Every structure is written in structure tokens, then in C-alpha cells.
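Please read the structure below before turning to the comments.
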């Protein structure tokens, strides 16, 4: 029961925040908001013991009974980790932003978005129903859009927001299809129920597409290569947002999703390959690109990309435990998954802290460009120490929590060779090692280029007396800093209470989760991982020292490539090409449109008629015909064809009149007096109308039509006419049923009278009623058309 | 006998209409065409009379009158059009 | 009879479609008028042109031509009258406003 | 230029009367013979057209001072409202009530809702056709 | 009965005569040199032909079904009334829109009366 | 009595006629017109509830038994659409009160709108194919008149295109009816269904059905949508909204009705044609939406996309897909109206039409901006707005029918919807505001109110989809099993006299 309330609380609160302006000084809104995540965090913490004991908690609020979509929440270890991060980091971020954002900003809107995001994110992790999960998933995209575009006056913010929205929604839509496929396979929307059926699924033909699509969703959200491009641009958001959404929580949603679905897809080799290698590639690409950045925030963005790749690849390796390979030591792989979860937490702590620090630097100095920074350690000692902790943790150095998980990662990358699968060999450890070296390098850049060294020239901020910010702003990063260190010394507390239940959720098949949780030790002998770490430090240091020398490679083609270019090209091309293409066929020329429509008619009907061509024509039912009728029809055809060659419009109108009168006469011949009557009158009135309206037209000029167009027009006309004839003959030759009209005759036999008028006035009086309505509308339309003159003539907009 | 006579007259009327149509198409002046149209209308009216005799039905007798009326109206409309360009004036004082 | 009427309908359709494909307003409107003649005749022919009497019960004989299509045609005539009138006035209005007697030249003016 | 239309105007006075009579007859007799509200209405409208052509709008308007849009509206209203009457008697919409009436001039006449309906049709047709013609004519002038 | 058949025959004969007249008049329409003479053929003899025919029709129904068709009578009256007026109006229109007389014409009496103030009459079409 | 069934048509119709007499009195015009639309909605909803308990309602006009007379058949599908159309019209009318201007109000704009509604409702309810044609014409004539109202050059020009193309379409419609009558000898749709089934789905009838396919494609804008972007972007906002919300839906309705009820025999051929057409429509609409810089054009192309999206459900043809389509139609009516109104307001307020010409409107008109944003999300199918549920069901149906290409196209189209509208939002609402607070045209609350109500509606349909579920399920079940409809019309014994 409590969990849905947890999700609901931020949403409800977000509704009220904007109106707080009336009551609360804008600077203090943050303090009103802050208790919300704190309460959530506390409540979640209270659940830890229950989960650690192996329990889970589920609760359902019925929503769409019919479609089987309900708000089912499922609290287990995995969602708990994310929940704690969301609420915990959330609390810190709110505190931080209270100091970070100026009171001139639209703070009400800011906190509203933030709360919206928080609620959505909680929804994502606690939902058991895939569709509800999708609901919240898209809401996170939306709120992220709003937060990135918070400073929407800047074009870069808008572009970044657009990019993030487009990419994540693309993934989301793919994921939705994947979910629907899963539903088609299992008949349920509940993840837990699906997991229960995991064994039967791999043989299903939709299994692989569903997996690919769900991975698409996860990869786009978690900024995996090549979808990572939105994340650096998302850094246009205010720094608290970057710290919160784009490093600690939202980007972890994809990781969460992958972890969540390991029980379902983990048995597939394809899954293992995709997740592991996408992760590694992202890790490499992200770290490689991070080194080249000059903007500290961009550097952190790429480092986030790379770290996300790291976690992703760990989860991939972890899923290998479920591969159906006899004699496999699964403990190695479960350890990888464990490392992944561990690093997930660690990353949130150190990356959150780093973002906040960068924010402080930016806030205090007005720049984030490392080329203009340097020597800050003197001015801002506290800031510096937190930055140091965060960076070293990220680089994988003791005594910080990153060291532990990094070590485990390296270990896993070596151990994964045990899998006798093709293509693993030396690649995984090699990639892991290279990426770690690069990580080391950029971590050193953060620390040394920002806080040490000297400034090229004395910037303005030195004179202004840059210093550590006030305590409140430092509080949040400091708390994270405490965790960075604390987790190094007491990692197993986390392991036992938080990570173990999560492992149980990932590997439900292992009854006892405690065997899945390795005891984390800082020192674990001279393992390959340790040697690798030493190598990283050595090579990394060298690389850092000679940074300026080798950074030139970023200008050489394969290294200078950026996926961004592809995106921009694609967007530009898409808009350009679509404009071009649409202009090509939407010319606005009526003639064109008629040609399209008629050609379509001709094509469809030719195809159709060719099927029934064999149905013989049958002329035996034809009524006899007399000579005068031939003459009449000849006259009609002549008149009609003569219209085509009429030299003046009056002749054409006259000929049309003649045609109308002869049609009326034909009605006489065909025993339709009412028709004849009406036709004659209508024809006359129409002719008069023609005369009335066309006084002002210039005599019609001979249309200068290209011969080719004429031929085309003529052939279209001929084909249309022929099809009408052929189809009519076929239908006449094969009348399948008697018409219902004998009924009318029977009814009328008793009373006598004009059957046609009886049909019009009684049997089908409704048609007649609407028909005069049509006429009335026509009259009103004509009246309005003539009387209502445009005031501005050809203005391009509404008057 | 009677039906033969009637048939002949229908054919004759048809010929009339056809010839008038020729006049209408070749013109040369507008009034020529209008006259041709008038002739067609009037002859059509006669033809319908004959046809209703042929078919032995009174159903078309309305048509005759209406054709007469309308042929008159359209002729007037055309002639006013030719003469003045305006068929219905707002105020006749010009 | 049905066959020849059908052929007539076909010819009318050809003429009408050819007219529709031109640019001049009046030709297009004439095209639509002829098109409606064609469909009325076709509807009638589809009911079967029995050598019956006009559908008036007072007439002698017990065979009547199919009255339903006739009723439908009557409705269709009225509707096509309304539409034609509207179309005509629309073309007239365009001409009065812009001096164009076809859409293309109108558009040219408009784009300037 | 003043055009002398005496001949036309003289004939029209008679002819219009014939046409009007015929038009009314046409829509009343629609039940048994060809005709009915629509063609009757059109014939009436053409009589009016003839008047307008022979005289001019303002002259005719003095004699027949109607807003023809409203006449058209009235026609539709009659047709619809008449069809709704059966609904009051809990019968289906558009059910036609029939009854024989002895009328002084016409003798035994079958008066029915149908006639009201047809009258509505005729009025609409007259109203709309004249509206269209007048609207354009006024604009042209 | 016999009288009926005679009556029917008379009707049919009138119709036949009417149709012959109509053909003759239409020959005039095609053969005569200018619009004024053509209108002569069209309005005079054509009207006669129609009147004959309609009378025939009237008689036919009168004798066959003993049916007095008011509509046909009305029709006859109507055509009788209107055809000359229609012809008159067309020709006046023709004249005022300057349709040329045939070359063989001898005199144009109205010319002096009208010309000089026909400038707004011409919407001639060719 | 079942006479209530005719009210959704009759009330607007009669009101419209009465309003002709009150041309000068704006108060009466406004009051009556909105009451009429509301009354029609009330009748629709009442019937909808009744259908739940009593099954399909029918009304034989003049008491003539089907198949001889004309009748209205109210099943859940039709009535859902009737109710939605009436509600949306009522809101658009309210919007029109404060935006359309007195000039228009005296030129019968409200009667015309009501006529349009009457035609639309009639098309939904009728059970006779020729009457369907007539109802179409009522709607079309009204739309012609509304389109030209105001008489700007673009309007006239687009109206000519629109009218002539529709004349051609109506001609095709009559052609189809002529052939159909020739072959099957009846006009009643249920009776047609019986006869078509009796003939063993004769190929001739299938070919005839292709003509109807063309007709309704033209009306709905399925593949043959050339006329649509131009004519929907020409008239004033209220009218455009009415068009965007209602017009194409009628074509869609007719297509779904006919191909689920009458021509059910050759799902292979027609189904695949519809599938290809829907796919191409999705592509064309998506491309079109990106191609334009004119706000109304972009929105109009979104109409095209929606048409493709909805008819994908017909192509799949199974119950899930059909109910998805139904949800989506309802959703689309609401959201398209909202979008057109919001877009129209932007244009009215700034006097510009291109996205490059506006900026920062969010600062001047925040409420409008967020409503636009909500409409955008809803149209993209982002939950919890109404587009989501239809999309999910459609997706399920397509997976069930194993039409993966179409599935991809349909879902990818949402992305183009998002992108095209996001362009508007980012360019026009965000960014530096170019209108100072003192020079901005004021936006009155009551102008925005209908838009806001539509926004609430789309949210309500999304979250409260469960209330709609019984109706939609009933509708979809009726479409999947035409016998229910046939029996309701002809009676279980009615099938005897085939």
C-alpha cells in the first residue's frame, strides 16, 4: 500500500509547487520541497530489513481491467536500490539547488518538473506492469525534456532537449513494441508473471525481436553507444538536473531495465553479446571522448556515458550465468552482476558529487572551461577535497568506493574468458583495460587541471576573491563524499542489506541469495586485476603527462568522428528531403491531383476487373432498342463530344444544356417521367446560373496544353470511361439478386399512385428531407460566398 | 398504320433536332445558336408528345408543358444575356 | 438498350474526365455536370431497363420499370444541382476577386 | 439605354400565371402523377425567375417582399417539423398520416403529412433557387 | 368505336403533318443566309409544327381514352403565346449585338434609329 | 420509443434551420447552437448507455421495415463517434463565440457548423448506403460553405480544389452504389451484407467494394489526401478544428463499417490494399509533417498520419486492433480539435503562420503553451494521455495479425508526430519572447476554456479508459462479428427472406 503512495506523493506535490509562490518566498521553495524526497527515502529505508530477509512487497491498484493494465507495484531488492538513489540523491539535489539557483529563476516550475521527474522515476522502478512502466518511462523523458529546456531562451538548451526527447522517445516506442510482443507471448503484462514463464519463451519467434526492442529502449535511455549523443547535449540543463537525472538516476533506468529482464532474456547468447559488447563499446567510446573535452561538464557527461557502459557490460557478463553451458562456474558471472550493481551505487555517489562540484566551480567562477581554470585548490579547499575523492573514486583508486567496484570489473573481464564462446578471448579484458586507462587520464584532468597548476593569466575571479561557497551548497556534495569514502570501508553493509536482495531479484532461480554475494575486500591478493590496476595507473600517468602531445590524434579522422554529425545530418537531410519530396507531389495543381486520383482508380479497377474478366458479358437481358433511340443517343454523344471542341464558353454552355435536355428525353424514353421533369427544370436553372455567373469571364482562351499532357489526359479519360463501361457490362450480365423494388410496387398496388414519388415522400422520405437540407446549405453557402467579402483581400493570415 | 405514322413522325422530329444541333454547333453568331436551342426545345416538346402517344401513356404530358415553359425562359435568358449581359437587373433604369 | 446506354455513359465519362483534367474553371464545372449526367443514366441502366410502364400505378398493365433507381437519381440530381451551383458561384467569386479563370494563374498572382 | 420590353412584360403577366398554377398543380398532383414538391418548386421558382428577368429585382421585390433565405429555411423547417409530428404520438419518425378530406374546391382530397412534406420541399426549392439567382444578380449589377 | 379510330387517325395525321412541317422549317434554319431569316423559319413554321403536333396529341388522347388533357391544352396555349415573343427577343438581341445582316439584304431601317447608342449592348461572341 | 435515435441528427438540423430566422440575434444564435450540440451529445450518450443493456437500437423511418425503408442503426461504434463528435463540436462552438467575429456569425456560421454536425452524425448512424451518400453530402456542402467563409484568396483557391475533388469522390460513390444495386439489388447495409455473404462473396462484389475503398479513401484522406493539407489550413481556427476533428473520421467510419460488415469476404485482397495504403499514408503524412514550416500545414499533415494510423487497425482486422482503432478515433477527434484550436490561437494572436516567425510565446501565453504541449504529448501517444491506450491495443492487434512492417510504420509515425510538433513548440513557445507584455494581444480566459476542456478530456480518456472500455469492446465485438448487426436490423428471421 505504501509504495503507490510513494509514487503518488511527488506527483501530488508537483501540482502545488507552482502555487507556492503566493505563500513562500521563492528562495525558500526548495526547503518546502526538500522534505518530500526525504520522507520517501526514510520510508524506503524502513523497508530494507524486510527485503534483506528475502521478502518482497507487491500491491495492485486496478486501472484498466479490460486491457489487464493495472498499477501493480513490486518492491524488491532491485527496485529498492534505484528507489534509494532516486530519493536519496533527490534530497541532496533539492538542497543543492536551493543554493545553486538564483531566485530570479522560475523556481516553482523547476521544482515542479523535478518532482514530476521524481515521481515518474519511482514509477518506473516500482511498476510491475510493463505498460505502466512504459507510462512512467515516457514521463521521465518528458520531464527530462522540460528540465533540459529549463533555460529555453538558449538555443542550445532547446536543441539539447529536442535531441534527448527524440532519442529517448524513439527507444521508448521500440520498447513499447517489445513489451507488446512479450504480452503476445505470455498473455500477461506483469513482469513477475513473465519471469515465471521465462523457460518457455526462447523458442517463440517473437523472442528475439522483443529482446532487441526492449534493449533499444534501455540503450537509448542509458545513453549507450551510438545513442549516447543526447547525454552531452543534455548538460545544457541546470547543473542540479545534470547531477540528478543525467548521472544518478534517469540514465540508470535503462540499466535497471536490463537488470530487470535478465531473468527473462539472460539465457540467450545474443543478449549476453549485445549487452556486454554495447556496454564495452560505450565504455571505450565515452572515456575516449571524455579526454578531449575542454568543458568540465561535457567531460563529466562523456565520463557518465562511459561509466554507464561499464555497468551495462557488467550486467551483460552477469547474465552469462544463466547461459545453458554445462560445468560453468556461475559464481564468476554472478559476481560480475554484483559488481555492476555495486558500481551503480558507487557511480551515483561519486558522479553526483562531481557534478555538484563542477556546478560550484561554475557558480563561483562563471566558467567551466578547463583551459581557463587552474590552481583552485588554494581558494576552495573543501571543494577540492570532494572533487579529489570523486575523481579518484572514478579512476578506481583507493581508498574510495570506485576502487572496489573497478577492481571487481577488471576481475570479471578477465574471468569472462572462461566462457567457451567465440569472440570473447582477449577483447573484453583489453577493452576494459584501455578504457580504464583513459578513465584514469580524464579523472586526473579534472583534479589537476582544475585545482592545481597555475593560471595562464590572472582571471577576473581571482580578484573577486573566489572561495568555497557557503556551507549549504557544499552540504550535498559533502554527504556524497562521505559515502564515497564510507562505502570503501564498509562495502559489505551495502552488500548485505541492499545488494543481496537485488541479486535475488536478478537471479530468482538461485534460492538463497546470500551465496550470490561475494564478500568485498579491498585487498584480495595479487590477482590479475591488481596488476591491471597498477598498469592503468602507470600508463595513465604517462598519458596524462604527455596529454598535450598525443591529444592531436583527436583531429585525425577515425578518432575525430562524432556520432553527433550523423544525427545532425539525419535531421537536416530529413527535413530537407521531406520538403523536397512533398513539394514534388503536393504541387497544389488540381490537375495533378485529379491525375493521381484517376490513375489510382484505373489501377485498382484494372486489377479488379482482370479478376472477373472471365465472367461472360450477357446481353440477352437487354431491352430492345429502336432507331430513334439510336438517333437520340447519337445526338447526345455528339453534343457531349462537341463540348470538348467548343470555341467559346457560351457554346459550351449551350451544348451542355442540349445534353441535359436530351438526357431528359432519354429519361422519357426510359419510362421515367419524374426524372425527365426534374432534369429539364434543373437543367434550365443550371444554364441560367451559368449565364448569370460567367458574364465577366474573358472568352476562354485556347488552353495552351502540351501535346504530351493532352495525350495523357485523353488516355486517362479513355481508360476511365472504358473501365466504367466494362464494369457496368459485367454487372449487368451477372445480376446476382433481384432488386428489392418489387416490394414498393406491391405496396402501392393497393393505394395506387406514383411509385417514385411514394419512395421519395414516404419510403425514403428521409433522403428527401436531407436532400432539401443540402439544397438549403447550398443556398446559404452561395449567399455567404458572395456577400462575405474579405476585408483585407489577400492577407496571409486570419482577419 | 397509326403507329407507323407516329414512328415516322418521331424519326422526322429526330432529324429536325439533329439538324438544329448542327446549326447550333456551327453557329456562326450567338443568336443563331440560341434559336437552334429554342428549336430543339420546342421540337423536343413535340417529340415527347408523340412518344407519349406511342407509348400510350399520359405520364409525360407534364413534361410537355414544363419543357415549353423552360424553353421559353431559357430563350429569354439567353437573349437578355446577349443583349445586355445582365439577366436580372437590380433596377431597370439604365 | 442497356448496352448502348452503358456505352453512352462511358462516352460521357470520357468527355467529362477530359474536361475535368483541364485548367479552366468552366471546363471543370462542365465536366462535373456531364459526369453527373453519366452517373444518373448509369444508375437507371443498373436497375434494368425493363419494357415496363412508367412507375405510376394508375397506368394500365402490371409491369413497371424499376422505381427505386429513379428515386435515387432524383435525389442525386438535386444534390448535384446544389453542388454545381456552389461550384459555379465559387468560380465566379474567384474570377471577380482575382481575374483568374483557372487555378494556376490565380496561384501565380497569389504567390507574388 | 432604356430597352422597351412591353411585349415581353405583357406576355409575362399571363404566362407567369399559367406557370404558377401549373407549379402548384405539379406539387399537389405528385402523389399520383409525375411531379411532386421538387419539380413543382422549381417551376414556381422559374416563374419568379421569369418575373425577375422581365422586370427587375426592386420592382418584383415590392410585390413579393420575402426574404427567400427564410422561405427556404421555412421549407426545411416544415418538412422536418411535419415529420416529427408522429413522434408526439409515439410513432416512428417520418411516419406519414393520411386522411381523406372533403374540400370545397378540390373535392375529395387526400390530405396527408406527405403534402406538408412536399410543400416544405417546394418552399425550400423556391427559396434556394431564388436566393441563388438574386444573390448573384445583385452582385453582378 | 369507329369514331374513336377516326379520331385517333386524325390525331396521328396531325402529328405527322407537324413533323413534316418541323423538318421543313429546320431546313430553313440550316439553309437561310442570316440569323434574321433563320429566326423566321424557326419561330413561325416551327411553332406551327409544334401546335399541329400537340393538337394531334390532344385529339389522340381525347378520342382514345376520352381524356381531356388540360396540360396539353395549356401547353398549346403556352407555346402559342411565347414562341413569337421568344423569337422577337432573340432577334432584337441579335440586332443590338450587331450581328450582320446577310449580304443580299436590301435595307436596314432600324440602323439609324439605334446606332450611336448601342455601345453598352455589345457582348458579342464569336 | 426509439425515436431518440434520430435526435443526434435532428436536433442540430432543426436548430440550424431555426437559427436562419435569428440571423441578427447573436445571443440566440450562440445559445441555441451550443445547446443543440450538447443535446445531440446527450442523446448520443443516453443511447450509448441503452445499447449496453438492450443491444443495438434501430429506428425505421416511417415504419417501413428494412430493407425497404431507410433506418438508423445505433450500435456502440456509431454512438461512440456520435457522442464524441457532438461534444467536440459543442466545445468548438464555444471557442468560435469569442474568436470568429460578428461578420461570420451573421453569415450563418453556426447553422453551417450544426449542419456539418448533423451530416456527420447521420453518416455515423445510417444503415442505408444511399442515405450514407446523402448524409455525406449534407456534411460536404456544409464544409464547402464553411471553407469559403471569409473569402480570402487562399480559401477560395483551396475550396475549389476541395470541392472538385469531392465532386469526383461523390461521383465514385454513386458509381459504386449503381454497381452495387445492379449486382445485389438492395441498399440496406445489413441486407447487403446478407446478400454478399449468400453470393459466396462473388468476386464482382469484391471489385465493387474497391470502388468504395477509393471513395472512402478520398474522404478519409487515406493515401489520396492531396486535398487535405491545403483545405484544412485555409479556414479560421474554429472551422479548421471542426474539419480536423470530424471530416476525415466520417470516411474512416464508413470504411470500417463497410469492410467489417458488408465486404468481409476477401480480407486478403482488400485487407492488403488497405494495409499498403495505410502504410503509404503514414509515410507520406510523416514526411509532409516535417516538410512544412506553416503551423497549420504541419497540423494538417498530422491529420493524415492519424488516418493512416487508425486504418492500420482495419487492415489488421482483429478485435484488438479494431478496438485500438476505435479508441484512437475518439482520441483523435478530441486532440485534433485541441491542436487546431491551439494552433489557430497562436496564429490569431501573433498574426504569423510560420514557425520561424514566432518565438517565446510561452512567456506571453503560458496556458496556451502548456495546452499545446499536452496536445502534442497526447498525439504522440505518450501516456497518460488518450493516445496511449489506442496505440497499445493497435499494437497488440498488429502483433496478433503478424503485420510487423505496418506495426513499425505506425509506431514510427508517432515519432514524426512528435518531431513535427516539437518543432512548433520549441520554435514558437520556447526561446526569447519577441512580444513585450504591453504589446501582446490579450488572450481571454473564455477563449482558452474550450481548449482546456479538450485537454482535460484527452487526459480523462487516457486515465479513465476503463469507463470507455465496455463501450469500445462492444463496438469492436460488433465489428468483428457482423451477425450481431445484421440480426439487429433484419431480425433473426429477417435473414430468411434473402
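We just call them A, B, C, D, E and F in the order they show up, numbering each chain from 1.
Convention: a residue touches a chain if its C-beta (ideal position, glycine included) is under 8 Å from a C-beta of that chain, and two chains touch if they have at least 3 such contacts.
Predicted, not measured: the structure shown is a model, and the values here were computed from it.
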### Message
Counting hops between chains that touch, how far apart are chain C and chain E?
### Response
2
### Message
Using the contact definition given at the top, which chains are in touch with both chain D and chain F?
### Response
A, C
### Query
Which chain is most remote from chain D in terms of Cα centres?
A
### Greatest separation from chain C - chain, by CA centre
A
### Pair joined by more contacting C-beta pairs (A-F or B-D)
A-F
#### Entry: Most centrally placed chain, judged by C-alpha centres
F
### Query
chain C to chain D: how many Å between their CA centres?
25
### Message
For chain A versus chain B, what separation do you get between their C-alpha means, in angstrom?
### Response
70
### Query
Distance-wise, how many Å sit between the C-alpha centres of chain D and chain E, to the nearest whole number?
30
### Query
Just curious, how far off is chain E from chain A if you go by their C-alpha centres, in Å?
79
### Task
Indicate the residues of chain A shared as contacts by at least two other chains.
588, 590, 594, 650, 671, 673-674, 676-678, 681-682, 684-685, 688-689, 692-693, 695-696, 724, 728, 731-732, 735, 739-740, 744, 752-754, 756, 760, 762-768, 771-783, 785-787, 790, 793-794
#### Entry: Interface hub residues of chain E, defined as touching at least two other chains
71, 74, 78, 82, 85, 89, 120-121, 123, 125-126
### Query
Where in chain F do residues touch two or more other chains at once?
13, 17, 20, 61-62, 130, 134, 137, 141, 144-145, 148, 151, 153-154, 160-161, 164, 168, 175, 178-179, 181-182, 187
### Message
Touching residues of chain E toward chain D in the complex: what are they?
### Response
71, 74, 77-78, 81-82, 85, 88-89, 117-118, 120-121
### Touching residues on chain B, where the partner in the complex is chain E
1-2, 5-6, 8-10, 12-13, 15-16, 19-20, 22-23, 28-32, 34-36, 38-39, 42-43, 45-46, 49-50, 52-53, 56, 58, 61-62, 64-65, 68-69, 71-72, 75-76, 78-85
### Message
With touch defined as at the start, can you tell me which chain D residues reach chain F in the complex?
### Response
69-70, 72-73, 76-77, 80-81, 84, 87, 90-96
#### Entry: Of chain B, residues touching chain D in the complex
58-60, 62-63, 65-66, 69-70, 72-73, 76-77, 80, 83-84, 86-94
### Task
Note which residues of chain C are touching chain A in the complex, please.
1-28, 30, 33-34, 37-38, 40-42, 44-58, 64-68, 70-75, 77-79, 81-86, 88-93, 95-97, 101, 103-104, 107, 110
